[in-house]
Amino acid sequence: MSEMPNRTVLLTGFAPFGGETCNPSWDAVQALDGETIEGHRIVARWLPVEFGASLVALRQAIHELAPSLVICVGQAGGRAQISLERVAINVDDARIPDNTGAQPVDEPIAQDGPAAYFTGLPIKAMLAALRAAGIPAEISQTAGTYVCNHVFYGLMHALRNVPAVRGGFVHIPYAPAQAALHPGAPSLPPSVVSDGLRLAVAVALTVERDARIAAGATH
Amino acid sequence: MSEMPNRTVLLTGFAPFGGETCNPSWDAVQALDGETIEGHRIVARWLPVEFGASLVALRQAIHELAPSLVICVGQAGGRAQISLERVAINVDDARIPDNTGAQPVDEPIAQDGPAAYFTGLPIKAMLAALRAAGIPAEISQTAGTYVCNHVFYGLMHALRNVPAVRGGFVHIPYAPAQAALHPGAPSLPPSVVSDGLRLAVAVALTVERDARIAAGATH
Amino acid sequence: MSEMPNRTVLLTGFAPFGGETCNPSWDAVQALDGETIEGHRIVARWLPVEFGASLVALRQAIHELAPSLVICVGQAGGRAQISLERVAINVDDARIPDNTGAQPVDEPIAQDGPAAYFTGLPIKAMLAALRAAGIPAEISQTAGTYVCNHVFYGLMHALRNVPAVRGGFVHIPYAPAQAALHPGAPSLPPSVVSDGLRLAVAVALTVERDARIAAGATH
Amino acid sequence: MSEMPNRTVLLTGFAPFGGETCNPSWDAVQALDGETIEGHRIVARWLPVEFGASLVALRQAIHELAPSLVICVGQAGGRAQISLERVAINVDDARIPDNTGAQPVDEPIAQDGPAAYFTGLPIKAMLAALRAAGIPAEISQTAGTYVCNHVFYGLMHALRNVPAVRGGFVHIPYAPAQAALHPGAPSLPPSVVSDGLRLAVAVALTVERDARIAAGATH
């Protein structure tokens, strides 16, 4: 990140994991690849569901593209709405192994990093824009402790001294075809998610100061 | 119902209720109005969210159209998948008033009717077809005790001596635009629901004997 | 049931099933065995989690004891409150095998029985009494399609011509010790459940006509 | 905290809030007041549900008592198990006003504090001990953004340079009497919670190095 960020937006999606054959996060960002939003070119990149290697790939893509905005997207099977993540925490605690079989428990992501980073995205303004457009969205107070949080924390750690580049993380529900195999599970079609991400990118590129909207949790 | 049923399928949707400005059940069935499925013409009709009047309108439509298949569709805000209802029970117990302000408590729908009717639809075959098509669906063991169950019970009561006509009820989730106003609520787009209903109608018109698939609940 | 019912209350609980090592329904009713409530002696009996055999045991106990009130109690792992069941339906649809390995799918419980029976208990009055006593309780619109519903339906079928005997079914949550093995699962201690059942029995023995309290479900 | 910590454990509970007439966190810690656990005297203190004032009261109690262990306890209405909180974040975002009417949105708790602090408690060892004792418990990845998180963050901030003193936060479910007013809500009796806290305190006083047990969340 020695160079000036250019008019590129990096969106990342993940490989399938946990027994799934697809990952809607990749489908959703891939659909936006090559589009232009607010004068910025969208580039979609794929990340493996692996502790460590996911961050290597992410940092490589950032180095190569020098984007001015990075939004990493991941699947949150069981959640019902697009989740704008507020905070990444400095711990890996894997309930299930990653795609290489690694299962770290209570290990820091960055040995000397702080306990957490807040998102660099204007998530309240994004929330308002998505809801106004009829797209179900919510603020999430935790991105978990698996590869998604790992990538989110690693992203914010990589950008900690690069104030010109905004970054953050968005969780999305199962696609309907996945939910069809999980009785009772909620879902959103990739097209709805793509519309939501398009809007989220536009807000992140144009809203300097975040909106002041209560969207916290009592616990 | 003195005449022979003809090659018509009646689909009903409801008016908005409970503070909503639309009802996705009407959007979903209206989209199919006029289509032809398995040689049958689809006719969509609108029902009020009113104890009593909803059934008058339903019986009128059945009398007028003499359909060979009737599927009533209703909104189940909070459910995540298309719910194929198994059973209608002979009781109104309204947690909230209907659109005229009526709020019956523990009153029978048909004074001399049986405690319940099972659906006339091959819901297990429908379930299998929907899931195979990647559309999230489930069997539901209760349609509640509000206007949806009222219409479902009234439908089965009206058809009790008309074995040539199949009938049943399907609950659907909020549309995404509704869920955008209900933090955390699941949703399905009307287009996915319409695809699901199209498939459900095709199965109901062609599958004589229901499939034998375990889809019960331990409680 | 040729004899007059006497001043006995039969409470039944179940054997463990589904991998559990205990069943809180048995613990809860066993704790009341031998007590006297409103001049009636409580007798607790144990039922196997088996389609068929559970009903044989239940009918035998009814024949032997000639109770004036029968409440069957079962575990509903995942539910959070004491569930007063409204209706039993005439179908077995087992998601998991019973304790003998039997797994009926969409088979009637009573070949010539009606689709459903409503409970014989004053469940709204019971609900009000439990809540007033600070015991979490709710009306449930479905008892599922497993052995609990099987026993509930069989009970009401056995009592269909015996108006002097009241019967019904109550589902209860996991005990805390069970929930400790199910991350996130709700529970209630057997002592709270026993207090609730004691109260429920007292109401069933003294309230002739049920209360009129809205406690239905919109779906 | 200029003095050496002595053999005292400070447990705090909260005032009622959000329309409740009691707060089970206060009932649970009050029950332990004056007990001795592992040679330490338990002192229970009450905190107001107020941004700011809650922390003033907490710091005062710490100054006065010089405890070697501080566990703050709060109500998480809707959760089903005892929640051992992993992390406190540096933000107030109040969905509902506190008991003085204050409703901060996205304001830092400590102006120059880090984004988050991890708990100082051996929560995995506590989790194992609670489950082994048959008490339902779980690790929570978020304490929300309301007064509970405010107190948790403020506690860890106050203890940041005092390695001899362990601190952390535990969320607990509604008491049954509260859940009786919230249809479907889970609960745990104060006696079960008190047993759990007693055990948690004993573990925190005796286990130096936390256990290595996977208890994370994929999202």
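Order as written gives the chain letters A, B, C and D; numbering starts at 1 within each chain.
As a convention for this text, a residue touches a chain if its C-beta (ideal position, glycine included) is under 8 Å from a C-beta of that chain, and two chains touch if they have at least 3 such contacts.
Labels paired with UniProt names: A, B, C, D = Pyrrolidone-carboxylate peptidase.
Because the structure is predicted, anything quoted here is derived from the model rather than measured.
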| item | value |
| --- | --- |
| Most distant chain from chain B by Cα centroid | D |
| Pair joined by the larger number of C-beta contacts - C-D, A-D | A-D |
| Chain centre separation in whole Å, for chain D relative to chain B (CA means) | 47 |
| Distance between chain centroids, defined by C-alpha means - chain C, chain D (Å) | 38 |
| Whole-Å gap separating chain A and chain D, where each centre is the average of the chain's CA atoms | 30 |
| Topology of the chain contact graph, where touching chains are joined (line, ring, star, complete, other) | ring |
| Touching pairs among all chains present in the structure | A-B, A-D, B-C, C-D |
| Touch list for chain D against partner chain C, complex | 80-81, 130-131, 133-138, 173, 176-177, 179-189, 192 |
| Of chain A, residues touching chain D in the complex | 18, 74-79, 83, 86-87, 89, 91-96, 103, 105-106, 114-118, 124, 141-146, 148, 171, 210, 212-219 |
